[in-house]
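Everything below concerns the one structure shown next.
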Amino acid sequence: MAEGRKIPVGILGATGAVGQRFVQLLVDHPWFELTALAASERSAGRPYGEACQWVIPGDPPYQVREHLVRPLVPDLPAKIVFSAVPADVAREIEPQFAQRGYLVCSNASAFRNVADIPLLIPELNADHLAMVERQRVQRGWPGLLVTSPNCTITGVAMALKPLDAAFGVRKVFMTSMQAISGAGYPGVSALDITDNVIPYIAGEEEKFQQELQKLLGHVSEGVLTPADLVVSAHANRVAVLDGHTVSLSVGFEQRPTPDDAIAVLRAYRPALASAGLPSSPKHLIRVMSEPDRPQPRRDRDAEGGMALSVGRIRPCPILDLRMTTVIHNTLRGAASGAVLNAELLVAAGYAEA
Amino acid sequence: MAEGRKIPVGILGATGAVGQRFVQLLVDHPWFELTALAASERSAGRPYGEACQWVIPGDPPYQVREHLVRPLVPDLPAKIVFSAVPADVAREIEPQFAQRGYLVCSNASAFRNVADIPLLIPELNADHLAMVERQRVQRGWPGLLVTSPNCTITGVAMALKPLDAAFGVRKVFMTSMQAISGAGYPGVSALDITDNVIPYIAGEEEKFQQELQKLLGHVSEGVLTPADLVVSAHANRVAVLDGHTVSLSVGFEQRPTPDDAIAVLRAYRPALASAGLPSSPKHLIRVMSEPDRPQPRRDRDAEGGMALSVGRIRPCPILDLRMTTVIHNTLRGAASGAVLNAELLVAAGYAEA
Amino acid sequence: MAEGRKIPVGILGATGAVGQRFVQLLVDHPWFELTALAASERSAGRPYGEACQWVIPGDPPYQVREHLVRPLVPDLPAKIVFSAVPADVAREIEPQFAQRGYLVCSNASAFRNVADIPLLIPELNADHLAMVERQRVQRGWPGLLVTSPNCTITGVAMALKPLDAAFGVRKVFMTSMQAISGAGYPGVSALDITDNVIPYIAGEEEKFQQELQKLLGHVSEGVLTPADLVVSAHANRVAVLDGHTVSLSVGFEQRPTPDDAIAVLRAYRPALASAGLPSSPKHLIRVMSEPDRPQPRRDRDAEGGMALSVGRIRPCPILDLRMTTVIHNTLRGAASGAVLNAELLVAAGYAEA
Amino acid sequence: MAEGRKIPVGILGATGAVGQRFVQLLVDHPWFELTALAASERSAGRPYGEACQWVIPGDPPYQVREHLVRPLVPDLPAKIVFSAVPADVAREIEPQFAQRGYLVCSNASAFRNVADIPLLIPELNADHLAMVERQRVQRGWPGLLVTSPNCTITGVAMALKPLDAAFGVRKVFMTSMQAISGAGYPGVSALDITDNVIPYIAGEEEKFQQELQKLLGHVSEGVLTPADLVVSAHANRVAVLDGHTVSLSVGFEQRPTPDDAIAVLRAYRPALASAGLPSSPKHLIRVMSEPDRPQPRRDRDAEGGMALSVGRIRPCPILDLRMTTVIHNTLRGAASGAVLNAELLVAAGYAEA
């Protein structure tokens, strides 16, 4: 785990499912060197390969098996820390790390809706990074804290950001059909989901409006004004391993035709700030024209699982446009979002090797 | 196949999947005696048990195995005929049967949207039967023709009819998650639907608005005025064997609270005209209060598969109410609807033994 | 919960998944009256409807919702107790109940292989009940203890018992494809079994030989001589909700033809001792002739889930016959087996109202 | 489709599912240049992109979309042809192509069991190629014909070949749990396999013994002596997308311990003849030690889907060893096998650019 000029990074909550995904993404990362694995008291002091029950595909990378797990205390040999701890733990320790100078990239929901904490998808709202200056001054943090959004709203935001810039998104009807991997492991019982749909995911529908307003909001002088839009959501769990599908109806300030929307989505290029981030896909948005696509199993892996697929763009008899989106919830969602955020921090000059 | 004082009935298209369902429903029916099985040239003249490849659970009933299949010609020994032929065949032969005096109860989509042909769900709109008098006069038919709706809209209409009477339905957002049995047999390939969602069902979304307007319409002096409402639909196929789930948002003329809506749904009793029909369930609408219900596998069989389950009734940030419905698409939908229609015809005095 | 001349019965471990199944089977039982629900300290003293999270289809029967749960102590107002506690608890408390005079019908594995405890499937080996006399004498129990077998071997034993009587079973190759409900609730994670097979079920393969030897064994003067046979098993978990399928190859003392075996299976009638037991199906064994049957989804519910389906009986190039069996693991297996055992005890005069 | 010094190859039956897989494998092949796509009359003369309904993941490669499909006549501009036509067509045209000088690598079952036609898995029995000399002389063919085996027996043969060499395989019990993709597209109806097992695959069990005897047979002076072994098979279809799982019990001439078998499997290296073939995996056989592996979803993609995974190697109470194997049926099976055979032909000097 030593490789010279890379930036030393650590993982908080390294033994859980999302923590394991972080390990996988970071062990060969071109910019980062994984130098600290931290977890709860139960795991601290033990070799990582022993302390953690590996639940994602493959095996724990050989580079980390012997690495001793540290406690969740802000004295890790790292500049950036990725947080995959539960929300209640995050609420307590993430500010401690920022206070001690760490750049905290969190995947937890604890601070997503706090006014001075940016909620980032680098290819969409890299300019929201401007919020951190104010955050550091106000809180007296030598470090900083940025967060990444819920995996379902990530896909919706990727489709709506370009359309919002062009036509002004005002109303969003969304019915999600979410994959079982979104519930973690062991998560959903096979007795509940086989030959079934569960029309409810605890706490999920409530998150969508607030996170989407923040993601599409406007930052001026470091202060965010949330987007003026309403979200009505139905969250369903379906028998799909990976890939969240959303049936979406959208009302705009200026009604676009389907062709207008398709042209805007096809032409979208992320702002310069996110250009060249190693985890960002070559093509962020795939607009499909087949009548029966996108589908989660067939489209979730597009661009290594980092792109959004959108299709069936057609008029809506009540709002303006209907469409269907598919996003890979555990590749684009979860850990990758936080890693992208860290890459953005580096590109923006917040961390050097 | 002889039992005295019952009304003799026949099946058009008796060898297909829906035709087999008709056979199953009619072979022990308290009011009807199955006296004629008709199918295309290929099957005509052969014993039913041989002519038909039985695809629904169980075996062909012993009473019909030796019964010779007749051609699709209007000289069947029956008063009522149930039609399960494809739409293009229905368009041609159903009027021929009505012309020759048969009471035609059709499950085909061919005439559902024709002005003088009633589209019936007896427990909801038995009064629409008044349209047939005008139909018979105008067309000079000694018989008559009534139809039953698409199985997805059947469930939506069952939830909305009571609410429409109380609050006036104006806008309907519906995202369906439809079972594979809705596509017939062999229908959906396992390679398409395993670990997947297909966000498209050919021709499906288009039917919903027109059928719902008709089902909730008003009949006066035998003429139907369709309900003044708009439907925006997303039709999806999911990996469920039976049971269509719909995520529904509804806008009303007068905004009800969730409790208002629950009270109205709980209090709903079908009009007298449909009371006592043998195929009608004791409780038509089940309002569920568990946060994660209804679910297709756990609720589709309520009341022998003939009831609607509705739950998660809650406010909608864009329209007025959100809710989830589940209906058994092959029990309540398809053949049973047409049998209920025939029972209504008998109760209304159109046929005697 | 009072109904006169029925025999009072109780459930040990009434709040778990199998305990709930017992409640469902006993609440309307023609011979038994459910008078005691006992569970661990955590539940004792609370109303059943509150203490137990209902995981099987439907709702807790209204008759038991207010019933106070008792502790697992042998002072229950009942003659017969059904045991659904974990093996380690069973090992401790089942003898205590027998010692205090209760007739214990256990579904736990703790005593299945103890020499003087009968392992019963009433339609197969009702004569093994003779073992209890010796058990009572040796152990000084005023009560008694009988057990029911593993749900996978139950199906195999039902196919092999008639064949053993006719041809002498010597070698059994069995590959099971077991339903997820066999692992209880929440049991198998959907992330483990969707689009997958798990070729391992902890502790399962080891049970088969010993239990089958005992089930097909010979009891003389109250002493069991296990059947002289060898079992080689492969236990697999597959994505099926209910119904264990077994691919079976069998070697006999005298090689039968497939037709010989079919004739014997078709002719099998359980011994008089089990005739008329309310939970026993009218036809115990269904021999199917379709080339692709039995199948778990299509055949598990035969005879209310209490019958064995067997098909594809054909020669085996290594042993003598190959065949496929399907049994409903949670209806015929688990609770029903123990209830059948209690019915047998009543029929044999061990309990009166 | 032109690239200089590669060997020109064609596909017979290029528009079907296996034909499409051939296209995918050959379009960027390091040794072969795809110069001819042939199919039935219906497709001949049309551009490939139009003539074929692409059913495998992804899209038809751009290099072949405009390529005109040719008829199935032996005048294709190619040296090697890959055959993916149905068995009855193969029976007729494959000899015609060999007669006209083509090297025919067939995936069809038509000639697999003909005495002078080799059935090849290059990493196992490359020496069987010696049979073609005799074939060419006897039949007077300037070309030649080689075949690849059934995809289920491919996995079994990969596990048994090393064990046969060391201990002599005599008896094989195999219960397969086969993926739905093995039945082609649309293949298995979702109504048949959801929540189900189908214990029958037409014609499948019969193939196993003959093909395994041939694969493990001995070739001397160009004549094959089939291996002296017996196979007893149960073929089941399960709800898995890709990956055939087999529960296997094996009897040997000399009984090995599990550790002996593991050592032999781990040490196995294919004969020199197949070294360096581009489609052959780096590690042919993965021996797994986890108690619940291999599993089709988690192990089918090992080594790009070209390796065999084997695990649970343990004693068998009836024969000698039990084990479980998993093979990717559409990657290692089907088209790849025939491409590997062609690579072997090139390595052996039968074709030059």
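Per-chain numbering from 1; labels A, B, C and D assigned in written order.
The definition used in the following text is that a residue touches a chain if its C-beta (ideal position, glycine included) is under 8 Å from a C-beta of that chain, and two chains touch if they have at least 3 such contacts.
These figures come from a predicted structure and were not determined experimentally.
More inter-chain C-beta contacts link the pair A-C than the other of B-C and A-C.
The chain with its Cα centroid farthest from the Cα centroid of chain B is D. Averaging C-alpha coordinates per chain places the centre of chain A 49 Å away from that of chain C. In terms of their C-alpha centroids, the spacing between chain C and chain D amounts to 44 Å. Taking the mean of the C-alpha atoms as each chain's centre, chain B and chain C sit 42 Å apart. Each of the following residues of chain C touches two or more other chains: 194-195, 239, 241, 298. Residues 171, 173, 175, 177, 194-200, 202, 209, 230-232, 234, 236, 238-241, 245, 247, 249, 291-298, 311-312, 316-319, 322, 324 of chain B touch chain A in their complex. Taken together, the chain A residues at the contact with chain C in this complex read 180-181, 185-195, 239, 241. If you check the complex, the residues on chain D that touch chain A are 57, 194-195, 298.
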